[in-house]
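We just call them A, B, C, D, E and F in the order they show up, numbering each chain from 1.
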Amino acid sequence: MWDRIKADFSNWEAKNPIENTFINNCIFNADSLYESVAFVLSNKISTHLLIVQDWIQLFNKAYNNSDYLRTSLEQDLQAILDRDFACTRISDPLLHYNGFHGLQLQRLANYFFKNGIYATSSLIHDRMISCCSMDIHPAVPVGLGTVIDHGIGVVIGETARIGNNVFMYHNVTLGSNGTIGGDRHPTIEDDVLLGSNTSILGNITIGKGSAVAAGSIVTKSVPPEVLVAGNPAKEIGPAKEFQKKGH
Amino acid sequence: MWDRIKADFSNWEAKNPIENTFINNCIFNADSLYESVAFVLSNKISTHLLIVQDWIQLFNKAYNNSDYLRTSLEQDLQAILDRDFACTRISDPLLHYNGFHGLQLQRLANYFFKNGIYATSSLIHDRMISCCSMDIHPAVPVGLGTVIDHGIGVVIGETARIGNNVFMYHNVTLGSNGTIGGDRHPTIEDDVLLGSNTSILGNITIGKGSAVAAGSIVTKSVPPEVLVAGNPAKEIGPAKEFQKKGH
Amino acid sequence: MWDRIKADFSNWEAKNPIENTFINNCIFNADSLYESVAFVLSNKISTHLLIVQDWIQLFNKAYNNSDYLRTSLEQDLQAILDRDFACTRISDPLLHYNGFHGLQLQRLANYFFKNGIYATSSLIHDRMISCCSMDIHPAVPVGLGTVIDHGIGVVIGETARIGNNVFMYHNVTLGSNGTIGGDRHPTIEDDVLLGSNTSILGNITIGKGSAVAAGSIVTKSVPPEVLVAGNPAKEIGPAKEFQKKGH
Amino acid sequence: MWDRIKADFSNWEAKNPIENTFINNCIFNADSLYESVAFVLSNKISTHLLIVQDWIQLFNKAYNNSDYLRTSLEQDLQAILDRDFACTRISDPLLHYNGFHGLQLQRLANYFFKNGIYATSSLIHDRMISCCSMDIHPAVPVGLGTVIDHGIGVVIGETARIGNNVFMYHNVTLGSNGTIGGDRHPTIEDDVLLGSNTSILGNITIGKGSAVAAGSIVTKSVPPEVLVAGNPAKEIGPAKEFQKKGH
Amino acid sequence: MWDRIKADFSNWEAKNPIENTFINNCIFNADSLYESVAFVLSNKISTHLLIVQDWIQLFNKAYNNSDYLRTSLEQDLQAILDRDFACTRISDPLLHYNGFHGLQLQRLANYFFKNGIYATSSLIHDRMISCCSMDIHPAVPVGLGTVIDHGIGVVIGETARIGNNVFMYHNVTLGSNGTIGGDRHPTIEDDVLLGSNTSILGNITIGKGSAVAAGSIVTKSVPPEVLVAGNPAKEIGPAKEFQKKGH
Amino acid sequence: MWDRIKADFSNWEAKNPIENTFINNCIFNADSLYESVAFVLSNKISTHLLIVQDWIQLFNKAYNNSDYLRTSLEQDLQAILDRDFACTRISDPLLHYNGFHGLQLQRLANYFFKNGIYATSSLIHDRMISCCSMDIHPAVPVGLGTVIDHGIGVVIGETARIGNNVFMYHNVTLGSNGTIGGDRHPTIEDDVLLGSNTSILGNITIGKGSAVAAGSIVTKSVPPEVLVAGNPAKEIGPAKEFQKKGH
């Protein structure tokens, strides 16, 4: 995949110092996809206090240690290229997509969370919010091949679970219903599509292959393969038609 | 309260330079809660032009001068610990919670606004938006013991008023109805709960102890102690059950 | 217009180093409105890797080369002063308004996009998202005299079009309906008002002078001069009353 | 003394943002001479890794804790004003004099050295070398009212001792004779003048009130009140005439 | 001359991001020699407090306003190429030579000094010392075609004067004799050569075309066209042979 | 050797955030001596334009590729510990010694110079001058086990050569005699000692095991094993006594 990414720049010429520095550092100077994404993310989230060289080293070590981080990174990129109409080059999400950046930061935060390195996990979480306007709790397990399009306003709570091949637009809430503790957030099964500005609230399940139309509020579990819409959301047909194409 | 915060780190060992630098600066090196929060916020919002050492000094002076800033800071922290299911350590909001950081920045902006230091107030306001994805006008008076959970997408207009012990999720709008000037934003009385993705629009009042369910749009005043929901929001029962537990 | 802006500071005295440095750099030291806004935006979006001096030079050259960039900048400022109740000084949006900053960044990204300088365009786009919580695709043509109030959560897709004198609140989505590619986003005609938390989805048109009430979801074209509301949005009267005053 | 320093800027008007930011931060915003010098030095030596806010806090605490640091700071400033022909304003050394900055950094390094905080002491020492081209070992006790003019190239070894009211030009070496360990560097008694490009080598003493002419190399002790010159340095007369005026 | 400089990079290819960013910013992106040197110097001396974008603007304005700054810049570059054996490309001093950088900073400091902008002048002076280990007082008039080779340790006092085509090695002192005020530093006439580690002390004159051998200390005026050496320096022959070649 | 260095910090406790961040980054977080020194040097020389993460990567690759860089680094450290009276811990030069830092930077510049990467070589050279006040040309071959004590003011020209086990104090010049080009700088053979403030000028040789006393100027070759002193330097005895101990 790294060769495909570099191929996007085979005849590239910088038009000014900004893009020259950026592409040279992030593409031409990296030895692997993992090194490239570690560099991109580190520069995005570093501050005066949380310095860039420390993030780079930390993230490179995490990618070296975790097969899941490397696999999910590749599959997320491929999923965007396959399903996002606006994406025609595989290097674009790597370099520029907010939703992709936020998701990879959550995957890194989750890696440290699972290894008991909580302060680091929380720092990455907080920087994800500041830099991507996305708030996904580090504890959330996220499946492979995930697309979070735009990502702004996405809020996903501590006990949520997300399956494989989920496609999610901006401003999606996977929240609690606000009255009980414990396991209080939704489970999103494989192949689900969540439209923009939707809220899924409480310890409920959105069944495999279902879709939630933009602007819906869902407070009860949804069976597989259906399309729901409205506030409160109701089943309005099968999900097939809605799901079968790109986005 | 500062002793309780430091106690969270009594046996703490840094796992890497990122968290080592952060915790040492923000916890072990601070002499008080006020100094700690001034440091955390200053580092979060500083830029190449608006330099960190100036923010630190400015915020330290503000906390030294204002009893209200110090009191509200402590009561906000306690309220999060009491009411947010995901929060188990009092140091976590201080160091890592976006909604808490945004709220304290608004309180600081409000302090300078009330003292006629408008450019500083506006600068803090703008940095709050960039760093916390929250936009609360500096003129808004906010009561004690406030919780803003997640905070992303919260927009609160110039003439809004917020009472004590209000709990607010992300993406809440306290807006105008868009047709008249002057006092055009809502008043939120004590003990109100505002669900995620709710809009309260116009010079109306949400009565003491009431709750607005997630995704509601409210354009008329709501009496005390009731639960409203929907678009347009309607009363659907008493608020008690919804309110009595944590979140 | 630059003289009017400077007049806002004719008797101004700095209260502390933060505002002193900011106003001196952005107002007293600039030779023109264009130089001032290039400085403000460059400082807002610069990072450790994408350095401030390169942005300043890049943006100054863009403003020098493009009449449209200069004209739209002036008309956007005037529109805010005319229509935003909270704005009483023309220098305030220039220095502090998130929606204004995000819009000018989109106009710059669009300028580079139209000139085939795609990497730069994408970089500006990504920084706009990080710093303004706004995601407007660089390809979108935006008319003159545009106001984006607050701006947080605004997401506007690749094939959308926006006319003149549009007023838009925060958290507005101009999205696709998620099933087909090509020209898949809305056209917003002149003089339209889009309330907060509204979604306009698909290749539809919001007719000249119409208004969409806060919280609406619109999936079918709207004729001129009407007010629509709800999910799905329905016509509920003429737009006149809603439109005629400021906001 | 702080009032006299501030008086230098009673009618001052900034000519550009560089000097505006500098003077506002270092003079108008400081509450005391100690706070001012801590700010000036911290900004001079801070790096990407050794961050400015930490130096400011560290130096402020040192000045608060040490009478000797505060006294020597004041007497050094006064000595420069009294004895350096090029200095007509007491604020100039504070803000701009390399030799003064290097000396105060050595005094701070010495403070930490004496308190057993060696890593900090060594860091200040190394930053002094980088930023002032001066290398005075942190262990060296330096008396009151010291002037180091220009300071470039000054190298003073670990076991040297410097009395009160010493005046030293640039490129002075107080070195060892290179053959034995232990107490191997010179003692400079009160009121001594050391010309530029002089070397005093070995465990010898330059007696009270003596002067060493520029370019001399001294390897044997010098009695009080004489003038020595040459390589090897020889007594060429009384020091009186040479010493009695300013420099 | 700018074309000749750019020609040095006609077939250049960056080997890594460091040199890529540097050469692109300093050569390919500059529109003139003046813009290039302003960029190089600004980046060299900028700090966290004295920010790079302000230096760039300040220096660009100075070069635009002063024929002498532009002329001396070009003649200094040409003189290095003509006389320094180690220099084979005219772009090398521009980008990398410490003595050249220090001299141009002194010329800029002198420009502001002569225009009564003293704080800026002193700031440049202090940054020159820190970054170049050279200390030339801003008041000193320096003629055209000057070469300062290496530059480390050069100290030149307030009332010194330097003619045209002077060549000076490192560690040269043009100092006072330490006993009287007023006009107390040397005058160096045209075409003089000053060897490394030489001291010229007092209000004396080194005559046109003379040379001072390395390590000399000169305290009496030297007639034109002679070579002096030693401590105290004595005439040891004509300067011709010593002067006629490059260095 | 890395284990010995880490052993210096086996019971170390940070006294403040400055030293905590420094030691954690440079010692506890590094996996090898090479990684540690790459980090220390990168942070020392990085600027706003020449960014730290690029230096770190560049230097790590150089150390990985060059046996000579790794060997000379270790032998230089050992030589300081063996011969510098003031050095009692092997970690001190690594972290804090200016002469050691400057020398390693020269070795890195020399590595890039020999590989034809000239712009990078020149950039390192220029940063060495700014940060260490040392100017050693990148072309100079430097032998193993070299000590440069203090280092300030050291200037070594393009065609100089330095053998093994050379000990050099500050302010040493290995210069040309200023009249001819080509091979015009000195050769310093193994085991030579050069005192402070000495100048060795021209294409001459200082013979194996000889010593030059402080303040000497040498313009003729010196045979092995002798001690020379004065201006011009003359043989004053055997070097043995002078050489046999540490410094």
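Convention: contacts are C-beta pairs under 8 Å (C-beta built on N, C-alpha and C of every residue); 3 or more make two chains touch, one makes a residue touch a chain.
The structure presented is a predicted model; accordingly, all values stated were derived computationally and were not measured.
Touching subunit A and subunit B together: C, D, E, F.
The interface formed by A-B recurs in D-E: of the pairs listed in C-E, C-D or D-E, only this one shares over half of its residue-numbered contact pairs with it. When the C-beta pairs in contact are tallied for D-F and for A-D, the bigger tally goes to D-F. Centre-to-centre separation of subunit B and subunit F, using mean CA positions: 55 Å. Subunit C has its Cα centroid 26 Å from the Cα centroid of subunit A. Residues of subunit E in contact with two or more other chains: 14, 16-17, 21, 25, 29, 43, 48-49, 51-52, 54, 130, 133, 152-153, 171, 197, 231. Taken pairwise by the contact criterion, the protein chains are fully connected, each one touching every other. On the subunit C side of its complex with subunit E, the touching residues are 25, 29, 39, 42-43, 51-54, 56-57. Of all residues in subunit F, those touching subunit E in their complex are 47-51, 54-55, 58, 117, 119-120, 122-123, 125-126, 129-130, 133-135, 137, 152-153, 155, 157-158, 171, 173, 175-176, 178-182, 184, 197, 199, 201, 217, 231.
Interface residues of subunit D, counted against subunit E in their complex, comprise 12, 14-19, 21-23, 25, 43-44, 46, 52, 85-86, 92, 95-98, 130-133, 150, 152-153, 169-171, 193, 195-197, 214-215, 230-231, 241-242, 245-247. Listed in rising order, the residues of subunit A touching subunit E in the complex are 14, 16-17, 20-21, 24-25, 28-29. Against subunit A, the residues of subunit D that register as touching in their complex are 48-49, 51.
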